[in-house]
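What follows is a pair of complexes built around chain A, which joins chain B in one and chain C in the other.
Let's look at the complex of A and B:
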């Protein structure tokens, strides 16, 4: 089943743009719930977004260097 | 008559401090940070403040532009400066002897789940620290770090994993400032870098600055209302 992963709100910070810094996994690879799915950076901080589900990464919708906001579709998992 | 004590005192937040007397290689310090992060995330360890100096090294964040390093590989070797790519925000930074590096490994769930608040908090600690030397530390809109009279005296770059922090701050006490001329620090071309030695005419001993930072850091973070 296809599952759309959207960028979650990070704690209490107001929505701000972040940049996709690094995808630690490739399309076709399996990721477990809670493992690092993608790493983002803001001006002076880098943080990782945990995978909300266990599944296979089908498609990276955003690429390294793209700007993203809370709620944006970032990837599709097959769960 | 016996004094009555509260039966369950509130859980105390604590921060352990670890000081290093000799320069710690960048990779070694990084591995120690990540190991402690893992221990904290697993609930097996508490908050830690690492205070140290590095041997000469240029570090690039994930979004760094390698063109901000103005030396090639053989020139770096000649000058004895290492190069590391690291998982933090920010651009090119220099670390070396004479610069106080502080790596707080904190579980932010004990404070606030806010990266912005954490960055501002580190700046506040640094402003209080330089105030001990009668220096007016300032934040500059749009630039992180701490500035004195328009020059950057401390840099900030943090990483967050499951709300546990790593990386941190670097305060120029009395480093070899010529090494900063080999980079465009944080990609900012028109803002100078300074040190406590340049600002004060004479540098306080590193040991003293470490102690002062430790005190300011603890008093700020342990005074914050619990989450």
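Let's look at the complex of A and C:
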């Protein structure tokens, strides 16, 4: 079953935008819930986004260097 | 592959059930938090643990410090409902320890001291077991304003020294002063010997270890018994750039130094903030003893 991963909110006025720094896994690889799915940077720090589900990474929708906002589709998992 | 940040400047982009609950409480009661205004990278972790640092007296500061992302300008009128709302949020979040800070309000005669006092009193009235840590502006060193806040009996009174004496005038609004900040802490120590007097400073503005040592000694001399030291992180590109990402081993050295010099509680680390995990301080024996002694004094 396809599962769309979207960037969750961190706070109302707080960090709402970030840059995709890198993907620690490749398409086709299995990821477990809670493991680092993608790394983002804001002005203040680097953030690892934990995977919300266990599954296979089917498609990276955003690439390294892309700007992402809360609610944006990041990737698709097969769960 | 790496980012422009050193490996130790990394957090989880946290969310989840407790995070959502914290967010809903804050929004429903129309409260401000410094977590949001300062774009704090700990927000995800703290809100997921159901803690937050409330920011009272509005969301607009009358002073502009070069490292701070809280909006400056003409502040809004005081919200008379704010004390009740903060107290209700503390109850809804079941906080054992509530940390409350504020913007600086030079436009108010008392700097907002009475309002801050009312917030503390409201929190205590609705949450008798909850300890309160109040992080105040300098009130221009006004003893009466400091006394008003202390009359509400916060268990922890905090004013941040922020940085070492040499760098202080470079990064803070001109209306702040290093010696005046120490005076605020000294006055609080004199007026409320049972309260835990606390301060915090940022590393990464170009200070030397010797300067940090001198500042720690100044804080001790002013009566501080607790200190937090954390890494300065640039909130947005509008604020001062980070001079240096201090290595975790140096933070460890600062923490050990603080204890060696005589602080009863000290925590230092890249993501330590003035209120970060401060509920842990309240579990320390010295803090429990102070709180008990303070309550005995009241009865």
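Here is the rule we go by: the second predicted complex is superposed on the first by the 75 of 79 C-alpha atoms of A that agree within 3 Å, B and C clash if a C-alpha of one lies under 4 Å from a C-alpha of the other, contacts with A are read in each partner's own complex, and residues count from 1 in each chain.
The rule is simple: contacts are C-beta pairs under 8 Å (C-beta built on N, C-alpha and C of every residue); 3 or more make two chains touch, one makes a residue touch a chain.
No experiment lies behind these values; they were computed from the predicted model shown.
By the touch criterion stated above, A:73 is placed in contact with neither chain B nor chain C. In the superposition on chain A, the chain among chain B and chain C reaching more residues of chain A is C.
Shared-chain residue A:49: touches chain C; no touch with chain B. In the superposition on chain A, contact is made by A:8 with chain C only, not with chain B.
Residue contacts after overlaying the shared chain place A:30 against neither chain B nor chain C.
Shared-chain residue A:21: touches chain B and chain C both.
Annotation: chain A residues 10-13, 21-22, 39, 41-48, 50 touch chain B in one complex and chain C in the other. Partner chain A is touched in their complex by these residues of chain C: 1, 3-5, 9-15, 23, 26-27, 33, 35-37, 39-41, 43-44, 47, 233-237.
Partner chain C is touched in their complex by these residues of chain A: 7-15, 18, 21-22, 39-50.
Residues of chain B touching chain A in their complex: 61-63, 87-90, 108, 112-119, 144, 156-163, 167. Contact residues of chain A toward chain B in the complex are 10-13, 16, 19, 21-22, 36, 39, 41-48, 50.
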